[in-house]
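Below is one structure; the comments refer to it alone.
So that you can tell them apart, the chains are marked A, B, C and D in the order they are listed, and the count of residues begins at 1 in each.
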Amino acid sequence: MAGSSFGKIFRVTTWGESHGEAMGVVVDGCPAMLELSEADIQYELDRRRPGVSEITTERNEADVVKILSGVFESRTLGTPISMLIWNRDVDSSPYEPLKDIARPGQADFSYQQKYGIRDYRGGGRASGRETVARVAAGAIAKKVLAGQDQGQSQNQNHNHNCAIRIAGHVVEIGGIRAREMRVLEIMRNAESNAVRCADLKAAKQMERLIKEIKEEGDSVGGIVEVIALGVPAGLGEPVFDKLDAELAKALMSIGAVKGVEIGVGFEAAKLKGSEMNDEFYIDAGKIRMRTNNAGGLLGGISTGAPIICRIAVKPTPSISKPQRSVDMQKMEDVALEIKGRHDSCICPRIVPVAEAMVALVLVDHLYRCKV
Amino acid sequence: MAGSSFGKIFRVTTWGESHGEAMGVVVDGCPAMLELSEADIQYELDRRRPGVSEITTERNEADVVKILSGVFESRTLGTPISMLIWNRDVDSSPYEPLKDIARPGQADFSYQQKYGIRDYRGGGRASGRETVARVAAGAIAKKVLAGQDQGQSQNQNHNHNCAIRIAGHVVEIGGIRAREMRVLEIMRNAESNAVRCADLKAAKQMERLIKEIKEEGDSVGGIVEVIALGVPAGLGEPVFDKLDAELAKALMSIGAVKGVEIGVGFEAAKLKGSEMNDEFYIDAGKIRMRTNNAGGLLGGISTGAPIICRIAVKPTPSISKPQRSVDMQKMEDVALEIKGRHDSCICPRIVPVAEAMVALVLVDHLYRCKV
Amino acid sequence: MAGSSFGKIFRVTTWGESHGEAMGVVVDGCPAMLELSEADIQYELDRRRPGVSEITTERNEADVVKILSGVFESRTLGTPISMLIWNRDVDSSPYEPLKDIARPGQADFSYQQKYGIRDYRGGGRASGRETVARVAAGAIAKKVLAGQDQGQSQNQNHNHNCAIRIAGHVVEIGGIRAREMRVLEIMRNAESNAVRCADLKAAKQMERLIKEIKEEGDSVGGIVEVIALGVPAGLGEPVFDKLDAELAKALMSIGAVKGVEIGVGFEAAKLKGSEMNDEFYIDAGKIRMRTNNAGGLLGGISTGAPIICRIAVKPTPSISKPQRSVDMQKMEDVALEIKGRHDSCICPRIVPVAEAMVALVLVDHLYRCKV
Amino acid sequence: MAGSSFGKIFRVTTWGESHGEAMGVVVDGCPAMLELSEADIQYELDRRRPGVSEITTERNEADVVKILSGVFESRTLGTPISMLIWNRDVDSSPYEPLKDIARPGQADFSYQQKYGIRDYRGGGRASGRETVARVAAGAIAKKVLAGQDQGQSQNQNHNHNCAIRIAGHVVEIGGIRAREMRVLEIMRNAESNAVRCADLKAAKQMERLIKEIKEEGDSVGGIVEVIALGVPAGLGEPVFDKLDAELAKALMSIGAVKGVEIGVGFEAAKLKGSEMNDEFYIDAGKIRMRTNNAGGLLGGISTGAPIICRIAVKPTPSISKPQRSVDMQKMEDVALEIKGRHDSCICPRIVPVAEAMVALVLVDHLYRCKV
């Protein structure tokens, strides 16, 4: 059982059902003396918030975060940070007729099989809304990684001297692929449009496609990329807890994700060793690599090069197009048209979630590595 | 630190360096009363053994496993099972000149950065040889999953009534792709040839390609697929410990893996919801799905359909073709030609390793789910 | 870091500072289909509530628990149960002058050394108030142990057929010791008086002593015993996770506890093997023991006999009698008289906390043992 | 299940049955660059070795340790250290007649109930022989604590600047109690006699008592104290993972232990707050305490004062005096006289085991605290 906690040292536990009282998260293991305010977290929550553009779900949640513990006089205490976001704009009536229906592509059937009970309203615990808690925790992780953590106690060394930045963007939606771009360009452009695609021309096409798909009552998938800059060499543990293994778990744990790749990823299957290997050279007294096919990791340990990972995001399963399904109670076939408010493409809103997961992995390993 | 353990309930800890005394693994959490012999484990070890075909490395290890604890009168005791495989055919001389060299695509540089020390002989802890321990543990997991576990104590219910089978095969090497095949055909054919490809025509082409590549002094990557049949619905935990997340971690933790996908995987990025969703229907009083694009998992919980995962395997980094690299001690550029005995394509030998990892995930979740 | 979580399968994470917004706990791993209401939890919270008798602290907290997730239509979902208790009767003014003072016997000094910061109001995270969250979680554990868990899903077997009861009582305060009593008598009497001592004569003496001590501006320690009835044989894991080891950790983690013993405990040091050993005999076709010196555990595994543990509780460190201490900021000696509202003897209020910890250990091992 | 691992960061997994092939331990999470040889470990193993004095068991094991991994050119690699001790002097014949007997005070009954199978030879996994693996791991922990760890990698800070020493001794056997002594005197004297009692006069009496008891065919219990010197302030985590809680678990996990206390321990139950509290004062610019009733811990966090813990050790259950018991197979009462080779008082040999457990707790928390 269990399963709602992540991380060994910087340990995050989320809770909450989509139409329950609230969503929340407890972060245990955050260092003391970090400056932290609700505004730090709110910034990230606003990035994933529904209802902010015409291509996202219409549920309107302010998603105001409240810190209930672990912060005192604007600094972290080193004790658990409890954060809570109330569920406000909850309308469960569209879910009443779906009470016993196994919606295709959703967790209704598997949860019912596992538990014999489920909160059918808005997907319950399996809802994408759960990610609000991940993003809240990730916001703290990002702040630690960014190196704001300058406090010092007698017994601990808290100034990490690190400055790790994490940037996510959409690289593909429904077959439309962004062109290859430099990291700085990606960082500059990605937040400038509703699809979070740094290639502005592709972004326009993606927006158009999503609108068309929405009008069809359908949805569409895509690919999100996350880049971590400034990760020092030496993060990650050998064998099972390789950094790429932990990233794969973290990213695959996001609801709609069906694939994860690092560096050149599946492309590696087609390459020769002489093409794949990143050659080393000495540059001004430092060891560097000419290419970064490995995506910043060798043997599961960071090399100092940017860490690059991509995830395959499936199309949102909730579509208004007619589908065939079953009533799990009456055990009979049913025809299904899902009304309600759903993203036609979840990729843009997954960007901050994916960033949060990468941040949680890195901060946990930053501390594991200090050992 | 740490990182050499896997699983929460069926917990596996591996140890050993490639050219050290021995490789080993401790399995803690295996149920009592399971019939178990060294022969059960040896069968799987022989499948990954080097030196068995002309396309694999020439290091010749008998890889005879020795059970040192946890088994009494041919049955498991419920206490830790310690297994050991001596390293016999060790010749460290080719590694002497590479002592300070960061071999491209290998973990030399990242380990050196992390630890300030490494066992440079044969890759040390980062060697693919570490997987011998995984396969030994996986052999026990497979036996538990297969349902041989019929013993019963007063206080525990050990007869799982499960019959889970795990089958791996190579689906692509260097761009040559096997045709789509039915599971039974895959199971029948995969072990019949040196590349472990069930499409016998493609298998021939792959073998030819590997030999050509070997002659060039180069290597080549590929894709391995693992299928788990008979997994009951309800395995996996919500949110972070989703079954697909754990599979992704397990598979990505294998040395050469650069990507993991479940079901249609990255293909999902190009699909519409109406194409991706697997529709449910009632068949003879049971809920079934017409398709299995999801690969047996919804919301991270198994549905009862076959679990299907694929991994991208990069080309072996050790190639005899000249490469540029650096001496980490002298901090100068060097030219490098790696002699020694290396697989030109590691995919066939990764098949039993990937199966072992899937088995370890499933057995752990089988017990977590019993809770 | 971290440290605010307990249990491997039934996993509890507490949060909150004494004078912060609220106290709370997340329980992850509680089985689905358990009937659960806030009233179930409130009953136990009321038992540890301050301000209920003249011998306890005067802080007046209603301690009303709110369930925020994990329960749907009066049944558990199998997903995390988040519970929250607001801090209402908070008056931090008496703590202002103590801001930089290391109160003797309190965690001020050690927290300041560890973190370089602390919430000095009411003890912050180190306050006994933290135990309100433990008791809330323990209330759920007790309900599971009592065997109310009759639901059944397809894939899991949730009817434990167990009926474990946990009873705590005070056996000694300030040298006054209760006489030896039978378990049923203890259960009947313990809750009948303010000191929770089943020996009613001793209880009167204890009450009198506590009042005297309180008038002196001092405090007094004691011993609490917890008995678990109906624990099936076979709970506990060999070697490090012995049931007595886990109980020792759980009980020693309660703030004021300085010792833990199982069965005859420290008395064992004076006994011979022939006196200590509990002899077995056959009674109506069952194996029983004539005595229970071992306290229900052999080799760390339960035998089916009652589990008996005792804890040594130190006198409350907050006393109004003058004490010598230091100002950690000015680095100078100070004279100290602690005003404020404190229990003169914490033992009676520790009873429900100790019961909660025993319940948490047992429920976790009940599930570990099902594996 | 599981249960044979200890520690979160410095993680130890033991394996082996008393009359199986070997005993062993894997230490994962030891820092790299620590100088380590088999001799370092052998020293501690020799201290717990059976057959070294006339008051210990007659099983004669050389207990020669072999390091199989994790050490390269006399330095640790940061990867798992696997150690193995062969079981040589094994004579299982005395156990044949006891195959189905539940020996009083032993784990035969509880293991049989739990697993439905057990290795009855020499106690199997429940044997005191298991502690050989703990002592081997503890020897490494002690070396790390002693501050031999001077290596440095680029990314990690390995020079702990700590110098923690751990000293155990016997303070009571069968009612004979050693007088109060200063730490230095304890350290000087404890290893000078077979009972490991620093009070040489009491030691003589204890030795005499043990011999008498042995002649009676009986055994006797006692109390062992472990002192840790040089522990910096700030070790331990709040709430559940308090340092005293972890020490309690570690020590209670040793086979014969029935009680654990910290500082004044159970004596605290009789004290007033004004007597128990350790007052602070400023001494040459440092904060000190006049007394150490708390045993070096406040709020579960170390204060810098010596950590003092004591354990109650029950008399060895294996006695040759006649006892009543049962045959678990035939389900009938039996008379029992246990032949074989057993310590009449296990206390002296538990000293190095208790030290090892304290070392394992401290080293794990030293690293947790560095986070």
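The definition used in the following text is that a residue touches a chain if its C-beta (ideal position, glycine included) is under 8 Å from a C-beta of that chain, and two chains touch if they have at least 3 such contacts.
Bear in mind the structure is a predicted one, so any value in this text is a computation, not a measurement.
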Contact-graph distance - origin chain A, target chain C: 1
Most widely separated chain from chain D, with each centre as the mean of CA atoms: A
B-D compared against A-B, more contacting pairs: A-B
Where chain B and chain C are represented by their mean Cα positions, the distance between them in whole Å: 45
Cα-centroid distance, chain A relative to chain B, in whole angstrom: 27
Distance between chain centroids, defined by C-alpha means - chain B, chain D (Å): 38
Touching two or more other chains - residue numbers and ranges from chain A: 1-5, 9, 14, 29, 31, 79, 113-114, 125, 153-156, 233-234, 238, 367-369, 371
Residue ranges of chain A touching chain C (in the complex, touch as defined): 1-5, 9-11, 13-17, 20-24, 26, 28-33, 66-70, 72, 75-82, 84, 113-119, 124-125, 151-156, 367
Residues on chain A engaged by chain D in the complex (per definition of touch): 8-9, 29, 31, 79, 153-157, 232-234, 238, 367-371
Touch list for chain D against partner chain C, complex: 1-6, 14, 102, 104-111, 113-114, 125-126, 130, 172-175, 213, 216, 218-223, 233-242, 244-253, 255, 257-282, 285, 287, 294-295, 297-304, 312-319, 321, 323-326, 328, 331-333, 368-369, 371
